[in-house]
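A quick write-up on the structure given underneath.
Lettered A, B, C, D, E and F in written order, each chain numbered from 1.
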Amino acid sequence: MIFSLLGGLLIVAGLVFFFGAALGLLRFPDFYSRMHAAGKGDTLSSLLVVIGFALHELHDFSSFTHDWPTILVILKLSAIVVFIFLTSPTSTSALMDAGWEDGVEPVIEPGRPNVLRDDTEAR
Amino acid sequence: MSFESFAIGVGVALLVLMLPAIYRIVAGPTALDRIVAVNIIGTKTAVLLVVIGVVFGRVEMFVDFALAYALLNFTGSIAAARYLHRAKQAHAKTTAPPTTGKPAEP
Amino acid sequence: MNAKVSATIAVIITGAVLLYGVADFPDFGDPTSPANAGVEGGAPSASLHFINESYKETKVPNLVTSVLADYRGYDTMFETVVIFAAGLAIFVILRNLRSDDPLPEPLPATEDRFIDGDHQRIIVGTTCRIAIPLVQIFALYVVAHGHHSPGGGFQGGVMLGASFILVALGGNLRDALARLGEDTFMRLASLGILIYAAFGLVPQFLGRNFLDYGVLEKIFLTDGPEMARSHSMLGVEVGVALTVMSIMFAIFANLSSRGEMRGGL
Amino acid sequence: MILSLNIVLLVFLVVAAVISLGVKDLLSGSMVLGIYGFLICLLWAEMGAVDVAFTEAAVGAGVSTVLFVATILNTKRRSTD
Amino acid sequence: MADQFPAILVLAPLFGALLLGLVGDRDHRLCLPVVAASLGTSLYAAVGLLRRVLAEGPVNYFLGGWEEPLGIGIVLRADSMNTPVLVLVAAVALLVACFSRRPAGARDSEKSPQYYTLFLLLCTALFGITITADAFNLFVLVEVSALSSYGLVAIGSSRRCKIAALNYLIMGTVGASFYLLGTGYLYLSVGSLSMPDIQTILASNEAAASSRAVRTAFVLMLVGIWIKMAFFPLYGWLPNAYSYCPSATSSLLAPLMTKVSVYVMVRVMTGVFGLDWIFGHLGWNHLVVWFAVVAILAGSILALAQRELKKMLCYLIVAEVGYMVGGAWLGDAGSWGLTGALYHILADGLMTLTLFLAAGIFAKRLGAIEIGDLSGLFRKMPLVSVGFVVAGLAMIGVPPTCGFFSKFYLIRGGIESGQWGYVVALLVSSLVNAVLFFRIFEIAHFGKNPPEGHAHHGESEGEGHEAAIARVAVPAHALAPLLLAAAGIVLLGVFNGPVVDFLRESLPAASAAAPAP
Amino acid sequence: MAEFLWKTIGHHFNFWVYIVLLMLGLWATIAKNNLVKKLMGLSIFQSAIILLYVSIGTKEGATIPILDHHGHIPSESHHADVGPEIAAHGVANPLPHVLMLTAIVVGVATLGVALSLVQAIYRDFGTVEEDELLREIKSLHPDG
């Protein structure tokens, strides 16, 4: 029961983070900031939701010692968590870089110099 | 409220929260915005598969291909990123698209 | 413009015909529809037989696997042949065997791995290097565990193929081809179907029909034809996985490099 | 089958199909076709067709988008319609 | 051994293809013996099957041993309708294999193992299509045949063959998908995929038989098959695909693909839905006959307008498809139209084979692409001319050849069902064929040297010199198939009686009381 | 209200959407000018057919067609505690799934061949737009 409750809480938290990511995707002005919102919020929310369901699967403490099929499921769910944690940031990074290569300009506050561009050109 | 209907609710909520991503696909000024949205929907698909498994009460079956999804769904994004790199290289090399049958070798 | 108008007319006619047919459809999700339970007053449909009897006849809990690899194994064999034919067709269409300029002989490793000193390659390459063995191991699990959970030859084969595609995307095509060369994958593709067909052929030599795995109990030394069917299905799935893996990678390798087998995506 | 998910997914599916056919940038189009693949995979999982969904997952996520991108690299990115 | 014939028939070319896939590129000389051996085995099995059907009636072969209950496994079924087609496929494939000793555009000769592998896969698929009794299995095999033929078409060296192949691919996929869709509608309404099973259900269950879904299923399957066989409004892919591909490919595809599709249509009509259902529940068989009339006339007229030999033959195929579709849909009391259509499958297979082989030889040895290039043909290669003339006469419908008898049965069906438009179209088409072929014969016999405009085609030694029209040597491996096919045309015509009797055994309406038109 | 909507729309909603998708795909296959776009249409067209088949095999309240390790129909399904005929209604129909596995793989194979043809056409003609291809062919063969 306690695991189920905890799991539910994590899932709700994940939904809240995903809502944040969605909002960011909707409202942010340029590609980079949208990517930032999407990348972080998306990864975190996915992790939280999957962990939440994993906790729900783990009905009580005795599952640890007896219920081998359940433990297998939990392990696989943890593997999903690990892989999302591995792949999602990678693709975010790759895309960010590709955007930079492609020449997508970040929105810079008026009056501020575009430090990033200068950096790369200097390099 | 059973956990099953809670899971259905979570599933529908995830789908509805995909709407901004779909808006980004429609509106997204650049191709990259669209790819970002694809990335998000891809990750969420893996999560939704788990959710559907919970609703069916047979997570042990669904978790397999949620796992496959988690492993594979960055292939598309990486391919797109690679494409942008390659296209830039080809562009830097020659402004016209290659028509002579020679590949765009780096 | 003319083409668009005529296309629209053709599509609307098609849609009208389909709508005409849909009016008589059984309800969505109706368990007693003809497809699910057989026509009224007739024999029960084949699917009921599969659900009720196939575990007794084949000892495979995953009904899709047992129907795919046993009851309709002939279909599945030709499905694999379709993939094989596609691989050959792509080879025939795109592969350029007479490249005028010779292969740019081994490039220096740095230029190979980090194009223009590209640090991005490190991130993607490392992730791929971590992910690829896991994908492959998991794909083998999917092939082998297809009797008890979703999965089987096609899924595992596509994942194996995708793992080699990931090698090419994370490093470059030459790395991938070094692991699975062109000669190898074209042969593996034939070998996969050959494994499949051999499982069908052996029963013929034992006096039964093609693909009648039950008679293989004499070879597998199982107790009863059911387990023989189950084991044969595993063998068949391995064959399918081999072919699918090879051809998926072959398609990618040809398409990404325009049949030159170098450079590419 | 899960009816509420079913209906939402079907609507999304049509939207994704329309977008992927309507976008003039072929790279975007093929990525949106990837989304179409994700959604249809979910749809099949939700209708109980796990093996079909698994195949679509492997094919849609691992192969078909990459094939489109490879072709676009070797041809042109812009489409006139 | 004898009861394994249905499986051996399909498996022999498959194993041949796999063998070539494994070791073919080690030694290219291995290809032809493997192809010949596997197709020879198939031919042997087909003839054996024919004799068995002749002796003991239809043969069922249960794959995987799943006999009971019907419909859980896949059944192969050989009866008097499809065994002649099987023999035809095997014989034509063997002849073409012999003809294509050096295949596939010289530019890509290092791809010949792949070419032969695809060739064998195509044969596998055609055998499978013809012998299967499962509606879905048919789709899978159609896809095998389609994918291998895309490869075979696209292997050609001309630039346009790629476009033709893509067009073919798109149309072919749409056609196969329509067939699949129809199968889905049918499965949804009767819950089975096995052809005999579906027929029993439709015959016994009035509710299923009269449902809209079944009618839609029939229409969809039919449209799919029509696209595959290039029936008139849907023929657009055929002429380019068949005329820009290498001649070995076109002489395999042209005689077999459309004919096997026609066979599939007849199979779907008689073996799945049943003639009673079609002519009882659907009121529009006359409409289809009129479509066929349009197809025949349009094909003939378009053929008249062509200057290239292969293109002209392609449009003639479109017209011939019209013959067969019209004959199958006549719905006359004695099923003479259907008989004629089935007989014409065999006849047209042989005629088309001969013509395309001849066209291949002309293109290779004389560099003759257009009809005008054929001048002096009769003196340049007399033996080839004999085959060509026989096939041409058969296309026109001159008595001792099989072309005459198929037209005879078709016209008899047309008269008995009162479809005068169809009869007239057949006669007009024969007239057009006569005009076409006698024009070619005239050029070939009396023709002078080619006009200046075509001089660039002249790659062979026999052309371009004013004085002597020297004989052009034709190697035996190209000549023998042609002559054998021409002999087949005559033999099939002479022995039309037993063949037709055999074919009519399987037609339900031929023996039972005829349905009301 | 919801009941009414479900009765009128829900019963056939899948089938309607499949028709919409199929028409979209077919239209794009025929009418689009860009060859790659055509192929996208083709793959949507094929997936619409798969949607039809999978919808046919669906049963309300049924679980996935995988039995438990002892060959019993899993207890989560709603019909498990009754006779075999009814219990079978608790498992989705496996046959369409098998058929559609075939169709998906066939679809990928066709897509691969088609894309390779597109690349070959681009290599030869330098364009993948249909109208430009037609113009090119016209200029090559003015009469044909």
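FYI, contacts are C-beta pairs under 8 Å (C-beta built on N, C-alpha and C of every residue); 3 or more make two chains touch, one makes a residue touch a chain.
On a predicted model such as this, the values are computed, not experimentally measured, just so you know.
Trainee: Tell me which chains count as touching both subunit C and subunit E.
Mentor: Chains that touch both subunit C and subunit E, as defined above, are F.
Trainee: How many links in the shortest chain of touching chains run from subunit A to subunit F?
Mentor: The distance in steps between these two chains is 2.
Trainee: Which neighbours does subunit A have in common with subunit C?
Mentor: Joint contacts, listed by label: B.
Trainee: Could you state the distance in Å from the CA-based centre of subunit B to that of subunit E?
Mentor: 46
Trainee: In whole angstrom, what separates the CA-based centres of subunit A and subunit E?
Mentor: Centre separation, subunit A to subunit E: 58 Å.
Trainee: What whole-Å value do you get for the distance between subunit C and subunit F if each is reduced to the mean of its CA atoms?
Mentor: One centre to the other, that is 17 Å.
Trainee: Could you give the separation in Å between the centres of subunit C and subunit D, each centre being the mean of its C-alpha atoms?
Mentor: Subunit C and subunit D have C-alpha centres separated by 19 Å.
Trainee: What are the residues of subunit B that contact at least two other chains?
Mentor: Where subunit B meets two or more other chains at a single residue, that happens at 18, 35, 37, 56, 60-62, 64-65, 67-68, 71-75, 78-83, 85-86, 97, 101, 103-104.
Trainee: Enumerate the residues of subunit C that touch no fewer than two other chains.
Mentor: 18, 22, 25, 29, 33, 35-37, 46-47, 50, 62, 64, 68, 72, 75, 79, 82, 85-86, 89-90, 93, 120, 124, 127, 131, 134, 142, 149-151, 154-155, 159, 162, 165, 169, 248, 251, 255, 258, 264-265
Trainee: Of all residues in subunit D, which are in touch with two or more distinct other chains?
Mentor: Where subunit D meets two or more other chains at a single residue, that happens at 1, 48, 50-51, 53-55, 57-59, 61-63, 66-67, 69-74, 76.
Trainee: Among the chains present, which pairs are found to touch?
Mentor: A-B, A-C, B-C, B-D, B-F, C-D, C-E, C-F, D-F, E-F
Trainee: Under the definition above, what is the set of subunit C residues touching subunit D in their complex?
Mentor: Touching subunit D from subunit C are residues 29, 62, 64-65, 68, 142, 150-152, 154-155, 158-159, 161-162, 165, 169, 248, 251-252, 255-256, 258, 264-265.
Trainee: Could you please specify the touching residues of subunit E with respect to subunit F in the complex?
Mentor: Residues 136, 140, 143, 147, 150-151, 154, 159-160, 162-163, 165-166, 169-170, 173-174, 177, 180-181, 184, 187-188, 193, 307-308, 311 of subunit E touch subunit F in their complex.
Trainee: Along subunit B, where are the residues that touch subunit A in the complex?
Mentor: 3, 6-7, 10, 13-14, 17-21, 23-24, 30, 32-33, 35-37, 39-40, 43-44, 46-47, 50-51, 54, 59-60, 63-64, 66-67, 70-71, 73-74, 77-78, 80-81, 84-85, 88
Trainee: Under the touch definition given earlier, write down the residues of subunit A that touch subunit C in their complex.
Mentor: Of all residues in subunit A, those touching subunit C are 83, 86-87, 90, 93-94, 97.
Trainee: Using the touch definition from the top, list the residues of subunit C that touch subunit E in their complex.
Mentor: 17-18, 20-26, 33-43, 45-47, 49-50, 70-75, 78-79, 81-82, 84-86, 88-93, 95, 97-98, 183, 186-187, 189-191, 193-194, 197, 201, 203-204, 208-214
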